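There are two complexes below, and they share subunit A, which is joined by subunit B in the first and by subunit C in the second.
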Partner chain A sequence: MARYVTQRIIYMIITLFLIATATFFLMKLLPGTPFNLEDKLTAAQKAALYEEYGLNDPLPVQYANYIFGLVQGDMGISFQFDNRKVEDLIMSRIGPSAQLGFQSLVLGTLLGLILGLISALKRNTGYDYTSNVIAILGISIPSFVFAGLLQYTFGVKLGILPVSFWDSFKHTILPTIALAIFPLATVQRFLRTEMLEVLGSDYIELARAKGLKNSVVTYKHALRNALIPVITIMGPMVVGLMTGSLVIEKIFAIPGIGEQFVRSIQMNDYSMIMGTTMFFSVLFVVVILIVDLLYVVVDPRIRLTGGKE
Partner chain B sequence: MEKVLEVKDLTVSFDTYGGKVQAVRGVSFDLYKGETLAIVGESGSGKSVTTKSLMGLIPSPPGRIEKGEINFEGKNLAKLSDSEMTKIRGKDISMIFQDPMTSLNPTMKIGNQIMEGLIKHQKMNRADAKKRAIELLELVGIPKASERINQYPHQFSGGMRQRVVIAISLACNPKILIADEPTTALDVTIQAQILDLMKDLQQKTEASIIFITHDLGVVANVADRVAVMYAGKIVEIGTVDDVFYNPKHPYTWGLLGSMPTLDSTEEELVAIPGSPPDLINPPKGDAFAPRNPYALKIDLEQEPPMFKVSDTHYAATWLLHENAPKVEPPESVKRRMKGFAKTGAAPAAGDKKGDES
Partner chain C sequence: MKKTKWSLLLVLGLVLSMFLAACGGGDEGADDNQADDNNTGEQTDNNTDNEGNNNGGETGGDEEKVLRMTEAAEIPTMDPSLATDAVALNFIHATYEGLYRVAPGGELVSGIAKKDETEVSDDGLIWTFHLREDAKWSNGEPVTAHDFVYSWQRIIDPETKSQYGPYFFGGLVKNATEISATDDDGNPLYPDMYGKVEELGVKALDDYTLQVELINPAPYFGSFAAFPVFVPLNKDFVEAQGENFALEVENMLFNGPYVMTEWKHEESWTLVKNENYWDKANVGLDRIEVSVVKDRATAVNLFETGEIDRVGISGDFIDKYKTSPFFSTELEPVVFYLQFNRLSAEKADLMNNKNFRLALAQGFNKQDFIDVVYGNSSVPADGLVPADFVKHPETGEDWRDINGSLLASDIEAAQEAWAKAKEELGFDEVTISFISGDTETGKLITEFFKNEWEKNLPGLTLELKNVPFKERLRLQREQLFEVVFSGWGPDFLDPMTFMDLFVTDGSYNDGAYSNDQVDELITKAKTEYATDPNKRWEAMLEAEKIMMDEVAIGPVFQRARSFLTQPYVKNMKLNPFGPDYSFKYITIEK
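The block that comes next holds the complex of A and B.
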């Protein structure tokens, strides 16, 4: 187990290095510089700024400097926010994003599990059809369209919830729903399919043949086995929430990382773009590792290579 | 002999998009204490559906018992609700499934899977149930049982898993054990071991066994009586000797003729021409008539009743009617019948020590 985790961490570092490299060069391909919108500066002043920030150095040198800084934990200084450090900026913005991501993950997963279970147990009834329609709408309607609809209905027409901004818990409700619809739909589809397959399996029939109650068969025998594959999609789903929040934060004017990230790209804030990308990447690889380790806990058939038993 | 189960005119159908499939059409038989009744027939003949109805395991919808009685200890099981059936399933009637690779829950320890039934039906506490589970595993021949109960199904081989499934089915000392092709998914040497184990356990527990199979070699080896099913009906029923030495129904002749034996090097296997009828629209008359070279005109018009051959032997074919022409089984089947007598594949009563021949 320890050997497996060590091995995985080495792979994670290699992955992160490749992501950093690719992002760095792709970003440099973007037109413009951090200062090309500063109309009041003269050409000479701009040149002095380029020199000061090392933007006149050849690309490989800039790259080497950046990676060297990154290894030492230095993500550089933001170009747009009064020379503040990138890691401080990310930390100051993480609160709303984390709260939003967590709330929508919990809400979406829970509702998805409930709807998926109802669908499978009440197969081909009105309950099943309703649950399926919700899931299909959730998968096919883009979150920004859904967010707009929510704002219009609950904010403008009914006037019961704030349209945007980040203040009280009330302000978090609409963006949470807008973001939760995707995990909800994904989990519903997955659990329904898995549950139906498990319910038709031989070991469920054997459990019934033992004379166990229906509820015991469903929850103790079927649900646990149906949940294992659902864990597989948790990793991609968390990532989906992270990227989904970029748009949602912009729409609801939430001061989160996503909103800041979008602005950084518009402003060519090189160090912020790199910093945020690396932050998301680290989160991503860690989530995937956790999901893989969770497998071992829930499915006794899976033994990690390098593990002993 | 004491009757433990009486099935009368059992009729089971399934609603499908194509129409109502009449999977079982009026099956009647009795099961006596301590005997083994084999039900044979090709795929789709209604063997499994019949036995699943006995346990109330017909998925409903789409399946339902249309009519008939299943009388067990003064109760008609066909009329019981699902929650009433949970008190009988696993306790009085239990089942061994076909494929041991898929019939155990992959994420639950073997011990817990055996203990569940004990805790539910015998009201044991966990410690007693665990003790009993270890005893059961030892009884079905699993070495180091006290360690093995903490393992998961994937840590067992196919044959060992089937032993676990047998242990589960025996946990509450059932009066009736239904074995649905318990050796089909196993290789031949393991098959013989499992069959021996079942015979051995039957003697210890005095349970009655209903043994579903399409392997006539296995029938000869384990059964006391045989019921031959075709298109949802029993077409011939009798003792092993009746059915193997004196078969009356042309479908039974076909089955015996298509059974490979070790001494039949010179002949080809006989196949039954055609395919089983569509049970959405079962044919008028005898369902086997279109495939039956001995079919009479009346077979296409009217269903044959069960004719009595002897006190133990009945067959549903018009050939047994007093006005029917006298027909002998085909030569190959006659040689087969003599072959059984010679090799002892169909053992005489009392001698149940058959090998896989």
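The block that comes next holds the complex of A and C.
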């Protein structure tokens, strides 16, 4: 077990290094520069700025400098926000994104599981149809439409919830619902399909033949197995939700990380692009490792070490 | 086996919850504080509603005058030397005060310097500013001429990396270029002088007298005296803060009408009236609350629920609110125009033909262009200098009213000119290239011109080049085009910021327009007439007439912005130059 985890961590470091390298060189292909007054600057002034930020060095030198800094935990200074450290900027914005992500993950997954179960157990009934319609709407309505609708209905027309901002718990309700609709729909669809398949399999027949109670069959034997694909999709979903949704953050004026990431790309804020990319990547590989380890817990058939020990 | 698995799950769960706690923990604390702040805010608002009348700009009145607004972006920097964008300039102008200040409508008024006492030498090169002696920093220290000297030296110091400093002062203030200029590889052009900021032509004659030495007369130097980048800085304070200067509220020292008391990065900031400001009695607001809202629809919803007092609107919202009593439109002094490339490798003979250019400049409807491409309240431009920008120094008449409409849309006239051009040049069909940005708007622009010109001017084919911004600049600078759509906003409050764009070999004269008469008039305005406002204006007015008569460029439109504003907000008008608003004069009258 320990050996497996160590091995995985080494692979993770290699992966992260490759991501850093690819991002660095792709980013340098972006047209434009990080400086606002490009149009009005003289060549000389531009040269001075480039020199100052080390953009005049040959690419390999810039690359080596960057990787060296990264290893030491130094992500550099943001171009758009003078003198602010990238790591500080990321940490100051991850809070709201993580809270929003966590709330909508819990809400969306719970509701998704409930709807998925209902659908599977009451297949082809009114319950099933209703649940499916909710899931399909959730997948197909763009989140900016849904969020705008929520904002307008509850914020402007009814006036019972705040239109935007990130102040109290009350302020988190609308964005949480808006963001939860995606995990809800995804989990519902996966669980329904998987449950139907599992319920038709031989070992469920056997369990029933043994005379086990219906609830034990459903929850102990069927549900646990049906959860495996759900766990698989949960990994990327957790990262996606925790790192924020650009659209939701923008509409509800939430100071989160998702919007910052997109803006850093638009502004050619090189150090910020690298910083956020690396942050997301670390989060992603860690979550994937956790998901892999979770499989062992949920499904006795899966073994990590391939039985060599 | 089973036991280990469950313990593994437990460990994973713990790790995950620690991670979540770490992310959410500090934040919850902040939430609580914020909720409290909010309650206080609401209570104050209620008081305001109940009490009705107020007594003008007096301090000590019972109700708190609070302006609530949104910005679409975070303040990138509160370091005046480094500011480049509208948001930063806006709030630096609110919290600092330079020699002069911009009043609503764009008029320059006394700031730290007493404007009426400013002396300019006969040759226009030496400016002497007399500073008021009662101005204080927010820590109580006096604001002196040395603070300006320090700030201006800091701006021009290559170490500071200011963008606006060298751009504005280079070639204007004595030695500014020598101290800051480098070649394309970053090597100093004047190694002996490079970085020697003490050589800059700005001196403190005594604590309250500042003298500036220029290398060319600049009657518009007052604009720089009011520009937020050139405010004073307290040397002791700035140096004590080092790299942290202006990063957080506690790292800032102000001398303007307001002080920043809270700055939640990328979320909100609060300004309150500066108790140490010399003209405290005339500061219109007690508090300014700004939130970052990037989504336009959200900002409009906040206005609808009464949570903010003013919001900028565009696109569909203009149609929706056009008839609303809160709706207003304000012109910006930003003009967009067509440049015709006389140095085009293949089509130079066409582009040098006046009738050919005239046909292009008049052969489309400018209002249709605005409606199709921008759908906002912009107005057609029929000259180079925008309306509502500069007024005659003596009569006070707007430039645009004096010179009037010089080059308006006229499709019939365009077709006549087109027929003449065909005759003179002997062509029947022709293809020219048109460059514009590769953005959504850039594409709409090129498509509009292709449609209109090809319809109105038979035989013309437009080859569209939609390229990224940087590439467009390169094509423009290297003159690889026939027509380009570009624009200009003012650097200072004087027609010259537009008028010298198209002199022979001007940096932004991409169409290589050249006219001896215009060159002479502009040179005269800059030298001989520099100290005679009347003659100077006459020369520039005349130059614009010649340029429009010759179709030097094809003016298209002047940009406007639309707003929804609560009626109790007074004096909140866009400035024609520099910061968007003059917060000192904005007030609330409920």
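Basically, the second predicted complex is superposed on the first by the 289 of 309 C-alpha atoms of A that agree within 3 Å, B and C clash if a C-alpha of one lies under 4 Å from a C-alpha of the other, contacts with A are read in each partner's own complex, and residues count from 1 in each chain.
We adopt the following convention: contacts are C-beta pairs under 8 Å (C-beta built on N, C-alpha and C of every residue); 3 or more make two chains touch, one makes a residue touch a chain.
Being a predicted model, the structure only gives us computed values, none of them experimental.
Undergrad: Under the stated touch criterion, which partner chain does A:210 make contact with: subunit B (first), subunit C (second), both, or neither?
TA: First partner only.
Undergrad: Quick one: classify A:164 as touching subunit B (first), subunit C (second), both or neither.
TA: second
Undergrad: Which of the two, subunit B or subunit C, is in touch with more residues of subunit A?
TA: C
Undergrad: What is the contact status of A:47 with respect to subunit B (first) and subunit C (second): first, second, both, or neither?
TA: After superposition on chain A, A:47 lies in contact with subunit C alone.
Undergrad: Identify the partner contact of A:151: answer first if only subunit B is touched, second if only subunit C is, both if each is, neither if none is.
TA: Once the two structures are laid over each other on A, A:151 reaches subunit C alone.
Undergrad: After lining up the shared chain so the two structures overlap, which partner does A:61 touch, if you call subunit B first and subunit C second: first, second, both or neither?
TA: neither
Undergrad: Check whether A:92 is in contact with subunit B, with subunit C, with both or with neither, and answer first, second, both or neither.
TA: The second partner, subunit C, only.
Undergrad: Touching A:26, do we find subunit B (first), subunit C (second), both, or neither?
TA: In the superposition, A:26 contacts neither subunit B nor subunit C.
Undergrad: Applying the document's contact rule, which stretches of subunit A touch subunit C when the two form their complex?
TA: Touch residues, subunit A against subunit C: 1, 31-33, 35-45, 47-52, 56, 80-84, 89, 92-96, 98-99, 102, 148, 151-152, 155-156, 159, 163-169, 242, 250-253, 255, 259-260, 290, 293-294, 296-297.
Undergrad: Note which residues of subunit A are touching subunit B in the complex, please.
TA: Result: residues 201-203, 205-214, 221, 224-225, 228, 298-301 of subunit A touch subunit B.
Undergrad: Spell out the part of subunit C that touches subunit A in their complex, as residue ranges.
TA: Subunit C reaches subunit A through residues 4-6, 8-9, 12, 15-16, 20, 23-24, 26-27, 30-31, 34-35, 38, 70, 74, 76-77, 79, 82, 84-85, 158, 161, 163-164, 166-167, 170, 180-186, 189, 243-244, 247, 264-268, 291-295, 297-298, 301-302, 304-305, 307, 468-471, 473.
Undergrad: Looking at the complex, which residues from subunit B come into contact with subunit A?
TA: 55, 57, 82-83, 85-91, 94-95, 97-99, 102-108, 116-117, 120-121, 152, 154, 165, 168-169
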